[in-house]
Amino acid sequence: MATGLRIKTAAELRTSYLRQEMFPTIFCDGCGIGNVLNYTLWAIDEVGLDLDRTVFVSGIGCSSRLPGYINADGLHTTHGRALAFASGVKAANPDLTVIVFTGDGDGAGIGGNHLLHTIRRNMDITVILVNNFIYGMTGGQSAPTTPDGGFTTTTPYGNIEHPMDVCELAKALGAPYVARWPVVSPVQPVKSIAEGIRKRGFALIEMLTPCPTAYGRYNGLKALEQIWRWYREQTVLIDEWEWIEQFGSPEERERLRGKMKIGIFQDTERETFEDRWAALVARVKL
Amino acid sequence: MHTIQIDERWCKGCALCVIYCPTRALEVAARFSPRGVHPPELVRVERCNGCRLCELLCPDFAITVTEESRVHA
Amino acid sequence: MSTHRELIRRALGPRVQFVQGDDACAYGAVLAGCTFFAGYPITPATEVAERMAEILPRIGGCYIQMEDEIASMGALIGASWTGAKVMTSTSGPGFSLMQENLGYAIMTETPCVVVNVQRSGPSTGQPTMGAYGDMMQARWGTHGDHEIIMLCPASVQESLELTIVAFNLSERLRTPVLVFIDGELGHMRERLVIPEDHEFELWERPRATDRAGYRPFAPGPDLVPPFAPFGSGFRTFVTGLTHNEEGLPRASSATIHDQLVRRLAAKITNHLDLITRYEEFYADDCEIAIVTYGITARTCRDVVEEARRRGIKAGLLRLISIWPFPEHVVARWAERVRAMLVPEMNLGQIVHPIREAVAGRCPVVLHSRIGGELHTPAELLEALEALQWQPA
Amino acid sequence: MKHEIRICGFGGQGVITAAVILGKAAAVHDGLTALQVQSYGPEARGGAARAEVIIADHPIGYPGITLADVLVAMSQEAYSRYHRAVKPGATLIIDPDLVFQRDEARPVVPVRATKIAEELGNTVVANIVMLGALTALTGVVSPEALLAATLESVPARFRELNRRALEAGMQAASG
Amino acid sequence: MSTHRELIRRALGPRVQFVQGDDACAYGAVLAGCTFFAGYPITPATEVAERMAEILPRIGGCYIQMEDEIASMGALIGASWTGAKVMTSTSGPGFSLMQENLGYAIMTETPCVVVNVQRSGPSTGQPTMGAYGDMMQARWGTHGDHEIIMLCPASVQESLELTIVAFNLSERLRTPVLVFIDGELGHMRERLVIPEDHEFELWERPRATDRAGYRPFAPGPDLVPPFAPFGSGFRTFVTGLTHNEEGLPRASSATIHDQLVRRLAAKITNHLDLITRYEEFYADDCEIAIVTYGITARTCRDVVEEARRRGIKAGLLRLISIWPFPEHVVARWAERVRAMLVPEMNLGQIVHPIREAVAGRCPVVLHSRIGGELHTPAELLEALEALQWQPA
Amino acid sequence: MATGLRIKTAAELRTSYLRQEMFPTIFCDGCGIGNVLNYTLWAIDEVGLDLDRTVFVSGIGCSSRLPGYINADGLHTTHGRALAFASGVKAANPDLTVIVFTGDGDGAGIGGNHLLHTIRRNMDITVILVNNFIYGMTGGQSAPTTPDGGFTTTTPYGNIEHPMDVCELAKALGAPYVARWPVVSPVQPVKSIAEGIRKRGFALIEMLTPCPTAYGRYNGLKALEQIWRWYREQTVLIDEWEWIEQFGSPEERERLRGKMKIGIFQDTERETFEDRWAALVARVKL
Amino acid sequence: MHTIQIDERWCKGCALCVIYCPTRALEVAARFSPRGVHPPELVRVERCNGCRLCELLCPDFAITVTEESRVHA
Amino acid sequence: MKHEIRICGFGGQGVITAAVILGKAAAVHDGLTALQVQSYGPEARGGAARAEVIIADHPIGYPGITLADVLVAMSQEAYSRYHRAVKPGATLIIDPDLVFQRDEARPVVPVRATKIAEELGNTVVANIVMLGALTALTGVVSPEALLAATLESVPARFRELNRRALEAGMQAASG
């Protein structure tokens, strides 16, 4: 790996960061959620987080099972509500690092309003949103991210709803750090998650993650090799995307269709809820 | 020279490691693991360059690549 | 530097005040050591939040207004896991929205206090009118099997005092505790005397002391597991799924589920001695009993006195803790009285567990009133008299 | 001793504030038992508003009023609705500018509270004018207690205005 | 062009199928004329939605997956006001979230059917395990006073049939009707015979006919106001606030509230004849009765037969409609039997109204099982035998 | 009035469009919500809507009381849920015109997720969102729109949360029609509401509306004249805003601070849920 | 010549009409309406140019401006 | 007549599908009473999966199985857990490649379903191979019913594969 990070081995991760009694994971074979865990642990290792002072919060879904595997404080909450619980943890004890794992359904479907307002308040929370285009845990129903025409058990004739772009939304809401990466290669996600954790303020890292069992099965991508390849082929770096949009040939532009932009969407600074609250307390405390 | 350790209790036989190994050093074993899957095997030891991609990509923390010279805790 | 208790005193202001039931709940919380409030405005509970928003920053606590009641309940639970004493307040529609996360708090043994200033429902109903229409919802509103603790004050002073009790029970038993008043009491002003610290007890949740071999959901004495706040290095995994004593999901195990859910229930029903609270008037020679709770009990006190003056052997059993239902107390009364009158500001809710406890021993007559107006002394007196002259 | 006082009018006139100040005067400053309740609806902005105060020297059970000892009516609707719900010999105080039609059988004390308040420079103190009049007429609380309760209930910059409103009310009642 | 009924037949496929309880609920809905489904996936109820998503577009109806259960219930009510027959399905956590809007449907007299495929709670609990832990929540889950109708099938075939009945009652009485099964039955496959149209009745909501002087909430016969769908020119205002017969908010009127809310309750309790459904086995000479419902009743049927073979005068009262509670039926049994055994897949829920109805006439013994496994015939037989030999 | 519309008189509106038995309204004096009703009726009149075929939907709040005053089908729902109910109405009967009145708290606070997903689906609904910076009905608590530092009963020391810009959000989500106007002058709102109704797809018209009783009272704007003036002075047309941002002097740009952009934020076309569903049915119906 | 009709049951005395009248033709009356507020009055009839702004702005549909020549239903 | 059949293995092997097809064969094609239940947990992806089928000629009350007449075990865990919960004389069918340790006291029919399926070209039909074997060994449903139920349960392009899997299973059982 070309990053120059001193990457812990899987065996080391197992002993330092994992609840080994929880393994093997519940994830299907070929599922990319395990990779999200990998990358997060490597990022944590890079940042040098103290797991004694880090809380992992999640909602309900395959992806929301991740905190259970990490040997740290974990709060596996109700479906869609991870950010509400996480806000409570962070507001009550701003010294803790709070990292949220959520799914596209959990975080942007039922939980969309908490996403919206947590970003608005700019809570200092890092959200790792696993987008697999579908509700995996319940067996493959359409999600707000399901592509146009995508097949799921509740869109048996193809999805007619416009899919949601969570990163564009977060960006419009002013989230200080927003990035999207497919899990298919490790380097950028690891770096990006580390940046998100370091960012003072809300950070969203959307991980495009293959779900062969549900999304793959209904969309001709059940074979692992195929679905993992799809994620490489269907994603385009923001810079390249913009270059093509500006200077590309019509054919090149046509080829962007249906693909997804990846990269860092936003990286700015903004006062956090916790800092502002602390300032308020300093001002009015008796 | 590198070797890989596979934790067969954790390996789900997804074969990601085999697929993504840049030197094609791994293969899927014919035998079944106790979980009932075919685990990977380092069949072409000489090819493995220790890039650790299989380890980084294994969703189940089941592979650890080790160098002869180095022992992990 | 002043101590936290001194800060609290200063933030609460003068010792004698003329304030609302809502205010008193907020004061009680602050006195109990509450430092975190998450909420969402709703008539007639909003003043609880408003008081907390004023006081908490002044004592270094945190008030956060969430985007809805679901989020409020969520934030509350999150905050409680950092070790803070936490409260929210709401009314019927908001309480309905809190049900899912209330169940989560029960399942995860998260201390928290929820004040419901009941308004007249169903649905949006009469937002500014008092009622006791959520009494059964309190017990059964969330899905799945569980027990709950609920207290019902009858005055402004008691709203403060029982909120402190609610925190104590919640901390000690690690379970949500509900304080139920109604819009009438919530907005009623009375003289309130803020008690001194030595005038009340404060209980804290049992704390885990030893990291080695810590099992976060292994019951300690009282069936309550010792608590380790997030960030203290105990590394606790909390889930609403059925979990073992390590806190790890075991959602397919009938045995673990059975053990867990029965313990959660027993943790409450085994502690009736700590929880159960009631007041009895003329219990000794009572023939016709009024059994009631909440604001109506005030009127009934007057009514019983007047009935006595008229020669009716009336008595009053005022239930203060409603859940777990004090079955044995009601059963004891049922053995001695000729009839029970149950005035309720709803279509008949607590009359159900009363009838179940009475088990046919005496007639139980519901006197229901809805629409936001209180029972008048006159109508209750008439109802008492009717019972008095009714053949056995 | 038990006084049951009903103050009513329309939303925005501050009838609830008046009742709160009265209760506070009794409970906090005169050391009496006092209880105050109010009735307002979501439909009541600018519509009917009503507040009640019970002042006693013993604990108060039933927290409501059926027949009042004192009625302050600051609107026609309030008057029409409540002027009959009083005890014999009760004191009825009205703002004659806002109560147009009266049941002449029932003696009332007219206090032009709104006009007086407007003359004092701010219509919002009409309620305080009424409180002054009520106290002067009934003595349910001491004037000192009333003044103290009033002043602590209003922002500093309005204290003077409110003090004058109280006085004007007392005068109007005696005048 | 095929008729709508023909379309339905074609969409449902072969007359004899081997399908799940969930599927049967969906089929029942379609047969009843349901053309609109709004829902949100949740184990073990998802298959109801999946079937609707497959069928509805094929018959020109509309399936919409909403962002959560709150929205599903909202969309359902909106759709019902266009005159459509509507359904949603969920399980415990989602049912908790639906409570506020369920109360709105009750208050606004909006026909709709809600299927709850119960899983084992509280909280997330055991998502894939069956239970009957939301039985009391069904009755009391939303804030404020109200009545509700609930039906409890025990087989795949009955899941279809009772879903049709649910639509009929919901339309006729203009009130939400709940169909409660559990995860076990929801995912259990049995032979299902799709009935022909002449084999079942279909009821429609009473329709307003005359625009002049139309008062949308003025009760017609049955206490049910005639309905005018949105867009038909009747110009109806619908609110969850307390409203008069014109439908206009009167949230401060005790009288109007009292009239409205009591009518809404009476509309249901006056129609026990339409609603109440139960099955009796060996009622005539029964000494030890099992009173139960849902999937457990199947086992109890076996158990009673076996007990009879062993000389125990056992009998079975299977409640099919649970709410409004068939108090008179249970009371009638209580007069004749020596004891009642109440097996429940929860910590004891319907045992409460049973005890209340029995009013001390005979002992009522709860046999509770939680964790997702069914009562076995053996354990119930043992419990029956224990009761048989217990001195009176 | 300079629009050339043949504007009905108030007396005519009263008889043709209003439930007179509901008057006077519950709105405080000086409240701008009544004006929103005015403008909507004039817009409806201009579009020539048939009130027999129009449904007004709302949540809970002062602003959500509006449907009660209009003599048409109305659905006054639960707090925050107007768009969910409205989606049901529209999906079940696409022939009806559906207009939603909602508040900033109702529509963007508790109801934010329904806003998000209704826009995503592009339901053909016109939403008139009354933004008064506060929760009016409950007596003045902070809303997601409360300005930085704004005083409310729950932010007694000044609001520390970042306020939300509902129009920017709707725009980012791809709503075909998005506009914001203050109620203080009638012409543009009337035109804009009419355009919103005519738009096939989701239309959001945010009305900045004075609330002297709650927001005004706590922020030194209780007097009607003052608060109404504030809305004139603190709003700047998008074009002007952009001109100043690009070409304005530093002082001019400084003067934009704390002000609000008004005008039409977006006006595009996008396929609606109803049309796509109809196409799906046409394709698969048996 | 224009006149204004005020529905005093509906008018809340907010005075928006008075404030925004471009010709300052309206004034707040000294008397109380039955609702207890001071309603507007067209005190300077000659100034009113029939712009109807008061009518468009009245949040309560309480003002209708009429021309002598025209009668509204 | 009542047959109680338990099929178990790990998630992904299609044990539930197998049970459904068997039940369908009985209920729809052989006109019998049949009932099928399953057990799976959210933890069960790749973990334990279990399905049961009851086939009878009369209505079925209790919808569970305590002791099975037929057990199909497709994993070590399944075998270890359930091989004792069978009636005397029950038929036990196992995949010997996946069941490593056996209680030798209990006679079993080994069917190398996974291997056979892999040889047929797709490991997913291992369950169908087992169904063929089961039917051949027990006759709980008719081969025609089983074939019909299988074919209507799979996409057209997999029919041939499934038919061959059934046949291979039957052969393996007889062989």
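A few comments on the model shown:
All chains are identified by letter, namely A, B, C, D, E, F, G and H, in their written order; residue positions are counted from 1 within each chain.
We adopt the following convention: a contact is a pair of C-beta atoms (placed from the backbone, for glycine too) under 8 Å apart; a residue touches a chain by one contact, two chains touch by 3 or more.
In this text the structure is predicted, and so the values were computed from the model without any measurement.
Think of each touching pair as a link: the shortest run of links from chain C to chain F has 1 of them. With steps allowed only between chains in touch, the distance from chain F over to chain G comes to 1. As a whole-number value, the distance joining the C-alpha centres of chain E and chain F reads 39 Å. Look at where the CA atoms of chain D average out and do the same for chain G: the two points lie 34 Å apart. One simple way to say how far apart two chains are is to compare their mean CA positions; for chain C and chain D this gives 35 Å.
In chain A, the residues that reach two or more other chains under the touch definition are 24, 27-29, 78, 109-110, 112-113, 116-117, 137, 144, 157, 277, 280, 284.
Annotation for chain E: residues touching 2 or more other chains are 43, 57, 67-68, 70, 93, 100, 104, 123-124, 126-128, 239-241, 249, 251-252. Listed for chain D are residues 39, 41-44, 46, each touching two or more other chains.
Across the complex, chain C meets chain A through its residues 2, 7, 10-11, 35-36, 38, 57-60, 62, 64, 66-68, 70-84, 86, 100-101, 104, 230-241, 246, 248-249. Interface residues of chain C, counted against chain F in their complex, comprise 40-43, 46, 49-50, 53-54, 57, 63, 65, 67-68, 93, 123-124. The touching residues of chain A, when paired with chain F in their complex, are 109-113, 116-117, 120-122, 144, 157-158, 160-164, 168-169, 171-174, 270-271, 273, 276-277, 279-280, 283-284. Taken together, the chain H residues at the contact with chain E in this complex read 20, 23-24, 27-28, 33-42, 44, 60-64, 66. Interface residues of chain E, counted against chain C in their complex, comprise 70, 91-93, 95-97, 99-100, 103-104, 106-108, 118, 120-129, 131, 133-134, 136-137, 139-146, 239-242, 251-258, 261-262, 264-265, 346-347, 349, 352-353, 355-356, 358-361, 370-373.
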